[in-house]
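Scrolling down, you'll hit the structures one after another.
Across the two complexes that follow, chain A remains constant while its partner is chain B and subsequently chain C.
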Partner chain A sequence: MSKLLSPARTQVLFMGNEAIARGALEAGLNVAAGYPGTPSSEIIESLAHVARERKLYVEWSTNEKVALEVAAAASFAGLRSMCVMKQNGVNVASDFLLHLTASGTRGGLVLVTCEDPGALSSVNEGESRYFARMLEIPLLEPSSFQEAKDLTKWAFELSEAIGNVVMLRSVTRMSHASGNVICGKLPAKSRRAKFDYDGPVMDSRTGPMISTPVVAKHTLHQKKLKGVEVLFEKSPFNRYAGPAKPQLLIITSSVCFLYSQEAIKMLGLHKKVGILKLGCTWPLPPALLKKHLLKTDKILIVEEVLSFLEENVKVLAAGMLKQMGSKIFYGKIDGSLPSVGELNPDIVAAALGKIMKVKRKSLPADYTRKLQKAAALVPVREQTFCAGCPHRASFWNIHNAIALDGRKGFVCGDIGCYSMAALSPATGYHTMPTLHSMGSGTGLASGFAKLAAFGFDKPILTVCGDSTFYHAVIPALINAQHNRADITFIVLDNAGTAMTGFQPHPGLPTSALKETVPAVDIAAICAAIGAKVMISDPFDLETTSKILTSFLEDKGSVKVLILRQACALSPEKKGKKKFNVKVNDALCLGESCGCNRLCTRIFRCPALIWDRIKKKALVDEVICAGCGVCASICPQKAILKTEATV
Partner chain B sequence: MLVTAGYYVTIGETFGMSQRGGSVMSHLRISRESVLSPQIPQGRADIIVGLEPAEALRVLTRYGNPDVVVLINSRVVYPIGVITGELSYPSLSEIESIFKELTAHSWLIDATIAAVELGNPVLSNIVMIGALAKTALLPICRRAFEKEIARNMAADKCEINLRAFDAGAGMIENIVD
Partner chain C sequence: MTTPIKTVISQKILKKEVLEGDLCTGCGACVGLCPYQVIYHDRTVQLHTCDLENGKCYDFCPRTSTDLNELRNMLFDAGDLTPETGAVKGYYFSRATDRQLREDAQHGGTVTALMELALFEGLIDSAIVSARDQEFVQNGVVVKDEAALRKNAGSKFTVSPTVAAFNRLAATKEAGKIGVVATPCQALALAKMKLKAVKEDRGKIDQLKLVIGLYCGWAFAAQKFKELMGQNDIELESIAGMDIPAGKNSLEIYTGNGTKSFPLSDAQACIRSACNYCLDSTAEYADISVGAARFGDSWEEMRHWNQMIVRTGKGRNLIELAIKRGVLEVRNAPAESLRQLKNVAGEKKKEALKNIIRKSGSAKNLLYLDRHDPVVRRFLAK
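Then we have the complex of A and B:
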């Protein structure tokens, strides 16, 4: 039996994301849809595993907006549904979300956003808490693993009670951390879908699901949100712990609650500092806030990343100035805490210590000095493509074609493992100077290609992964074709959504539920819009380079090269070497070779190392994935590959 | 294992892009009293298990203290900057002497070689768990491990994992008092 279906009252170790999934199951979830993105992916994955037993429909949608639309349809039909994404996914879904919050929902609909303060696995640390305020929907933030489950369950009830979307926000340190959870009951019955739309336009239970008449519906929407404030006043997810009259009140939410608790403990301040932990962070319950703000004159607000909670608390406090008098607020705005990056117990303890004028017990000075001396010896470990990664070969080909062309062409980057080509420029052989959101590489390329009239005549290339292609590239590609943008568009097709853990996408014949589904062919789509399409294996350096060179010479249209080779970590490849690769010492000329260590200085594969004693290249067989590409780059043919026998 | 034994366990991890050739760290915390934060405060680690020597050193410099105990896989995985010659990697003896000086106790074992001998380098993680269990620093024993492996692994994988566990245990002779 899956751990996710553990019986009621048992205690299990759940990852935050599993706790959220379990909460949804306990709420009687029917439909879940999402798009993979760290740190959110395990929610949909774990729900897909139990879909059959729990009679769920679970899908990986092409993007977050479509996922929210799929979830909304279920809600309109009276079912409970959930839509899951990472922080920037909310931006993708936001246009529909604006209209959805205006039309309202029926069956409980919870939007889960898992955010990444500090950008541990993102190229942004965007916040979507502001969406909750802007779109006037309730926002819940769990601060423990148990709460991640319990709040999710309650979110469905809340959504149904107010007839609108509820946003539940987690962060990396909650979603990808694990902790104890006591399971609740799983409901025995599932719901049947029924969609009524013949009633009056203002009747949210039986009328059509539309956002008009806008002002009348907006009025109703705001009235519902006022009702949420009342529920939040009494919610057990908002709790105070600490002395009756603290010298300082910490107001916090999410995992920052655990950091704050720990900081108080580290400084021995539990008799002087209290914590108001909020599980419900928008709209703020005014009476509850007033009650606790009256306890003291000094308030520290601990949150990630921006000053969302702090701003909202200050607005409330300003409105109660007469009853409450003025307060001193510490937080992001006065610089007590940083408003970039993630927090941790040390950062919170430092802020707390400064305000309370308490020093933390530190390590012996001599020991700290020795640690610092040791730290200087540790080499930086730069991110890079894995051994055997097809992207390394793809960028090797791209770099060589650009160099041969000689006009200093460049690649507009996109989101996936191949983003590393921009993040660690040497890894992408210095070809990729732009990197933004999903699909933006193709849009930017389309724009750069139209600058020829302004004297900009470099060849423009762009890359995207297979999953990214379906997510947001297609409109930009059509734009390029229709507006005659001369671009070389390269699909780095590694047969799955590799970075987030090999979730299927529309190009594969399998769904999230492991059913056989029609695969949508990238080559056929590109050909259908009129682009010139070629397919190659990036490990075949000769053929791939030839195609790329001819594409750079071929002016005036969109050229598509699909580079197909499965990810080295994919389940079908992992642990299986195609080739045994070795360096022949007799052939390797080492530093005296005219190649200037092309293999170990430029190619940069973690498995191809430099033997300092022999001063020759060497393959680390434990790390080598056996792709054999390095055998093709050695001018001396000193790297030998032989077919591996299984 | 530890949840069943009545502890609050918190594991803080990062995955995704942070895994691609970079350094990754997991924080494991256990408490009898309450949920702890998923990040260990600086200078407050009790045990460091390093799967690579320079990475163990990196972690020590942030989380180390005079009482910390360290178990390290001696197998070096060179950072790209070291391979290209832009950076240098400290010698193993240099690393070893730093650990001797700055920790209460340290073990340096070649878990990767043991795993390769067992047929698969990926087993080095289990070798390290076996070694960690043998140190008796944590409330984990072979029987509990055996149960956990049986629950999480395909039946044909159990034996090799137990052999890897035992190989690791065999590499630890001196137990801290």
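Then we have the complex of A and C:
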């Protein structure tokens, strides 16, 4: 039995994301949809695992907007549904989200956003808390694993109480850390779907689900949000702990609560500093805030990334100036805390120490010295593609084609493992100078290609992953074809959503629930648009290179190259080498003119190492994935590959 | 004060001086030596950067600085040297005795006949000539028999990276004896290899046993040539041959549907810019150099004849063998003809030097040439 189905009252070690999934199950979840994205992916994955037992419908949708639409349909039919994504997913879903919050919902609908302060596995540290304010929906932020479960469960009730979406925000350190959770009851009965729409237009339980009449519905929406404030005033998820008259009040939420607690402990300030921890961060309950703000004149607000909480608290405080007098606020706005990146106990302690004028016991000098010495020994490691990664071969081919063409063409990048080519330019052989959101590479390419009239004569290439193709590329590709943008569009098809852990996508014949489903063929879509389509194996350098150079010469239309080769870490490949590879010392030219270490200096598969003593290249058998590509690039044929016998 | 020693990265200066300096002839001497330098169409491309000093790419390039005197001393008898056309041991008119070969060849078929003979007699094991594909992209190819030689006979006036094919073949060290048909820049590159090869590479280079040079006034840049053909609706695939007939002042393109004629000025607009800086019109660093015959008044009479300069002892032996075996018909050429050739060759040298000075901006800077070289000094405009 999955631990997600543990009986009530048992204590279980859950990852934050599992705690959220468990909370949803306890609430009687029926439908869950999402798009993979770190740090959110485990929620849908663990729900898919128990889907049969719990009679759930779970899917990986093509993108976050569609996921929210799928979840909303369930809600309209009176079911409880959840929609899961990472921070930038909310941007993708936001168009529908704006209309959805205006029409309202029926069955509890919780939008879970798992965010990535510090962008540990993202190319932005965007925050979606502002969406809650902008769209006037409640925002909940758990600050412990127990709360992650409990708040999620309550979120469904809240959603049904106000007939609107509730947003639950987690962060990497909550989603991906683990802690003990006491389980509650799993409901025995499942709901039946029913969609009424014949009632009066203003009746959100029986009428049509539309956002008009806009002003009347908006008025109703805001009235309900006022009701939420009242609920939040008494919520047990908002708590104060500390002295009755603290010198400083910390207001915080999410994992920052844990950092704040630790910082107080580090500085021994528990008699002087109190913490108001908020689990419900929008709309802020004014009476509760007032009660605690009255305790002291100094307030520090601790949060990641932007000053959302701080701004909202200040607006409330300004409105109560007469009753409360003026306060000194510390936080991101006055620079006490950084307004970018992740926080941690040390950062909070530093801010706290400064405000409270206490010195933190510094580390012994000897220890610091030793630490610095050890740090110097750590070898510099650049980010790079894994050994045997198909993207390395793909970018090798792309680079060569661009170099041969000679017009200084470039690749508009996209989001996926292949983003590495932009993040660590040598890894992408300096081909990919742009990187934005999913699908944007193709849109940018479409635009660049139209600049020829302004003297911009360069071949424009763009790449996207297979999953990204379905997610957001199709409109941009159609745009390019329709507007006759001369682009070479390359799909780096590694047969799965590799970056987030091989979730299936519409190109594969399996669903999140492991059912057999129709695979949607990328090549057929591109051909239907009218583009010229070729398919190649990036490991076949000769063929791939030929196609690419011919594409760059072939002017005037959209050309599509699908480079198919499974990810080196994919379940079907992992641990299985296709080739045994080794370097023949006698043939290896090493640093001499004629090679100059092409394999270790330029190609740079991490499994290729340089033997400083022998001055020859060497294959690290442990790291080598056995793709055999290096054998094709060595000018001396000094790298020998032999079919590995299993 | 000590100035830091500047490292001279071969690939970098090759790029700066030759590729970006518009001096690259596309000969292919820097290609096929390593993974970094490649030819694409007729452009030399540096695929990835290399940080070595004293690299072969720079050393072998015919457009990097060279001590030409040293080269001449290494290859030729001092007494044979002429300022205009290099070493001349003998000067002849010639043609292949095989009528069919003359039909297939550019002019008299001398080049192909000599290569056939060298292969047949085992003087060489492989010949490197220039082949074109349907898109008119040229490449050096290794051939080992008569049929393949004849198939690739005829002049293509675009540049061929022939020396790259030599590099690739020679790299094996077990290639055997190699003969190459080379334009002047290619012949110079091959000569430089002999002079500059490092010890470990001697064995590879020494496999080069014969260089038959082609006279060359200039060559076309592939792109411009293709455009000219395109504008005139000539399918590249259909081109069977081309020539600049003596006395006609035109470029003739022979296709399946007959001959198309272009004014010479159209052709000259397609010249590869590197050719403007080339001093050599007779492949001075070859064993034997072959060009179109220029005698009499009738092109039809001349077109199946060649003129030929024998430069080395090896070249002389080959011609004698060719006469003995009856594959070549050789006539002594009149002194007047040689005088005319020298005139034309001298003019090209003067013109090229003028262009070089215009490019560098100073008579003291002759780019890849040494202004103290006796031949250079002789043709520098006073």
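In this section, the second predicted complex is superposed on the first by the 642 of 646 C-alpha atoms of A that agree within 3 Å, B and C clash if a C-alpha of one lies under 4 Å from a C-alpha of the other, contacts with A are read in each partner's own complex, and residues count from 1 in each chain.
Rule of thumb we're sticking to: a contact is a pair of C-beta atoms (placed from the backbone, for glycine too) under 8 Å apart; a residue touches a chain by one contact, two chains touch by 3 or more.
Being a predicted model, the structure only gives us computed values, none of them experimental.
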Chain B and chain C placed together on chain A: clash or fit? fit
Of chain B and chain C, the partner touching more residues of chain A is B
Between chain B and chain C, whom does A:346 touch in the aligned arrangement: first, second, both, or neither? first
Inquiry  = Looking at A:124, would you say it contacts chain B, chain C, both, or neither? Reply first, second, both or neither.
reply    = neither
Requested in this report: Could you say whether A:434 touches chain B, chain C, both of them, or neither, answering first, second, both or neither?
Outcome: neither
Practice problem: Could you say whether A:550 touches chain B, chain C, both of them, or neither, answering first, second, both or neither? | Solution: neither
Determine, under the contact definition given at the top, whether A:370 touches first (chain B), second (chain C), both, or neither. first
Q.
Just to be sure I read the superposition right, which of the two partners does A:380 touch: chain B = first, chain C = second, or both, or neither?
A. first
Rounded to the nearest 10, the angle in degrees at the CA centre of chain A toward chain B and chain C equals 90
If you stack the two complexes on chain A, which partner ends up touching A:635: first (chain B), second (chain C), both, or neither?
second
Which partner chains sit in contact with A:610 here, chain B, chain C, both or neither? Use first/second/both/neither.
first
Smallest inter-chain Cα gap (chain B/chain C, superposed on A) in whole Å equals 13
Both chain B and chain C touch chain A at residues none
The residues of chain A that touch chain B in their complex are 11-13, 38-39, 120-122, 144-146, 172-174, 176-180, 255, 258-259, 261-262, 266, 344-346, 349, 362-364, 367, 370-372, 374-375, 377-386, 417, 419-420, 426-427, 499-500, 575, 597, 600-601, 604, 606, 608-610, 620, 622-623
Seen from chain C, its contact residues with chain A in the complex are 10, 33-36, 38, 40, 43, 45-52, 54-56
Note: in the complex, chain B contacts chain A through residues 3, 8-18, 20-23, 34-43, 54-55, 57-58, 60-61, 64-66, 75, 77-85, 87-90, 94, 98, 101-102, 112, 116, 120-122
Chain A residues touching chain C in their complex are 399-400, 403-406, 429, 549, 591, 593-596, 598, 602, 633, 635
